[in-house]
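This is the structure, below, for whatever I ask next.
Chains here go by letter, A, B, C and D, matching the order in which they are written, and residues are numbered from 1 within each.
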């Protein structure tokens, strides 16, 4: 009755909070790290959460990947939407099981995977991506995260228009979100929600201006910072470094135009 | 086909980001604010998102409440778990549609409502609350948020034990989370996740120590800060005041004990 | 040999960190608070640091005011430069005993008082203020802070030019700092420092552009946040509220133009 | 009349905000960087602020070092008191020209240099350091910063007692500040100020407890965060990384014991 690791499952090999590896369990493969290699075949039929030693004796734990792990591992170093931001985007967008969501751009599919995870099984994500070279990567990541069935990837320019109607949310993580605001207004159900994530203040200002001119209310922009704590009896303190900025989240609700 | 406001629906009357009111649409009722009153009957059969004038001419918008609104409006001033924290707790816990979750304490049901919203329709929340006086309030809030069917409220002391087995997450927002760690270990599926939210550093230290002694790995503590921005062409700046602290989030994964 | 409170000295009456009063010790006066009144004459010839009871039995402490107290008490609610910002402005400007400093605008003299305090006795502050109505308030505050002798207040528009040459720093807390950058370049000693404090990002961008075009290097902008901690055994945590924003500090060094 | 660079002066060679070098101008020396070398002799008799090309054509600026530069360059990577913290310590301590200050530990002399800079020429810093191996480094750094004449370095254990009386401030950056609180009370003028800087919350709690038991009031603890901004037209945003923690600053004023 306890869930076992099966061949071709993905496991998260955990060494430390900063050293985790998302790997596919193939029976004949070895997975090599700076701490020696692990024979992946040994994991088959074991329980998730089991400890396993590498060839050099380092202890790893074979964890079942969660949505946060798929998000983290779907990203390229260059443009990261952090789990903290994704968590807030999901909460502020109001989406949940059954929601229909338009998203752009798809990128590597990290945010897409999260959206699909929370709207499944009866909801759906329509994700727009103009850069063809991302489509395959996104598909691979969405498949690995077990959410590909809830996503339609569209190789289209969302600044030209949105095909869907009566959607529950439009969520943007792209260079020119302000060009999508009037299309988002058309696509959204009345009273539904627009969310945009932008690294720069300039993008944010343009987006807010477009929202004000297009019948949105409750327009709010904020940023989110997380700071790790080092918890040790007698030595407790915040961690030394933190991410100072990922992006600004702008949120608004559609209202009937006057 | 467009969704209409029906009698006995809840609407969020929006005046400004800081002035919103969650009210039940009763045909004969007036809703009074410092900006005059609104005849609620006038909203019936209107579209969500409609603008409506109060008796003094102030313009309100009748929005469809989202999960974030239900959370905000479920809380008493005294002990608030903020949407930002709830968003992160949900993301880090790994729960989603279909998950089975144990939570304590229920309190006014704000976090419970969020958990139920994200696990529905096939998942379930088992929430423990020792203080009987909260049960009725929680029920009312969960009913209003349309998630009561996905929740079992238990008037029991979780520090004495957890009835459920093989759950996907144990989520705590209570005074003594460290007393629940060993029970959480028993209740969790292998490799599944424990999350605790505590205002003080002392609670956090005790909880982390208990996690270290009870077979959890990937133990991480962090805090989340959100800062609002005032976006106005020529006058853009962060807002003047912010919440400096709500609580520390501690997260861990169950592993097989050695 | 221990310093005594004399008639007409200012004392800081301390009730709690948030309840302090800067008052002049006049022999026949009573000082009234919400916790009863204090007969100021009783303080004469007492040691600084003495505890004194109000008419209702509340205990106050008669402290010797420090520069930080004079700063805090010189300000109007509407436009506050916080001690944290003043501290950083002083440190980054490189000024110290003997420095000659140009400042604008004077306002109520809070920043002026700090600058004068740190450059005295052999340095001097030349402070420009175009709004005549501030001059008297500034004089009063600078006199009370015992630094009026180290300050020249000029009722002049600094955007029209700076009279001084070879100064060690130009420090601006005014609406249009970018209009002063070229004058600052003329007034500064080679290699000396420009600092500007602005609430909005728009002011900051214009100022940085002007600095880049006017022979400055090492141009840096940052913001400073302070967060109070509640330290209590068993209940230690950050405070609930904090100031989220006062202003951006922009800093640069003059170099020879190419 | 313009200040010239003289032989044996220190200059700050500036390449970028993150690439600066504090070097002594020796006529026959070359200073080597990853961007080629600079013939230091060429700087003699030049104006501060001059631009100079390295052997590979990279442009450096020869700046006059300020107190902040001496602080930064006095530190070892391992234990840094940041200029932001030093600025706040100075401001909150109330010291200025003429103040007499007790400090511990000396370490590499970074904080000592700042304190001496602000109390000179008529004030003095008495700095305690138990670790003999630091004394020579501190002397060298204080000499380079031109403040050695205002400092007495004492190779003594301050937890055993403070020799000085009637000082204006006691400032601690050491492992066990709570062991110094009662000595600080004896050494301070009535109403004068104690400041302590500690990386961990545990040190801070012990120190606050000692202050409460030893006749101090206005006890406050806070932390300071600075966040850099990238200011570029069209691309303005906070920087990606920041220091999340250096230490907690605890501040208190001596009052007469009851």
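Simple rule for what comes next: a residue touches a chain if its C-beta (ideal position, glycine included) is under 8 Å from a C-beta of that chain, and two chains touch if they have at least 3 such contacts.
Everything numeric in this text was worked out from a predicted model, so none of it was measured.
Undergrad: Equivalent interface to A-B, which of C-D, A-D or B-C, with over half of contact pairs matching by residue number?
TA: The same interface as A-B is formed by C-D.
Undergrad: Between chain B and chain D, what is the gap in Å from one C-alpha centre to the other?
TA: Roughly 46 Å separates the two chain centres.
Undergrad: Chain C to chain D: how many Å between their CA centres?
TA: Distance between chain centres: 21 Å.
Undergrad: Can you list the residues of chain D that touch 2 or more other chains?
TA: 201, 223, 227-228, 233, 236
Undergrad: So that we know how the chains sit together, what is the shape of their touch graph: line, ring, star, complete or other?
TA: ring
Undergrad: Please give the residue numbers of chain C that touch chain D in the complex, ascending.
TA: Checking each residue of chain C against chain D gives 1-3, 14, 17, 20, 47-51, 61-64, 66-68, 83-84, 86-88, 90-92, 94, 96-97, 114, 117-118, 120-121, 166, 189-193, 201, 204-205, 208-209, 217-229, 231, 233, 236, 248, 250, 253-256, 258.
Undergrad: Of all residues in chain B, which touch chain C in the complex?
TA: 199-202, 223, 227-228, 233-245
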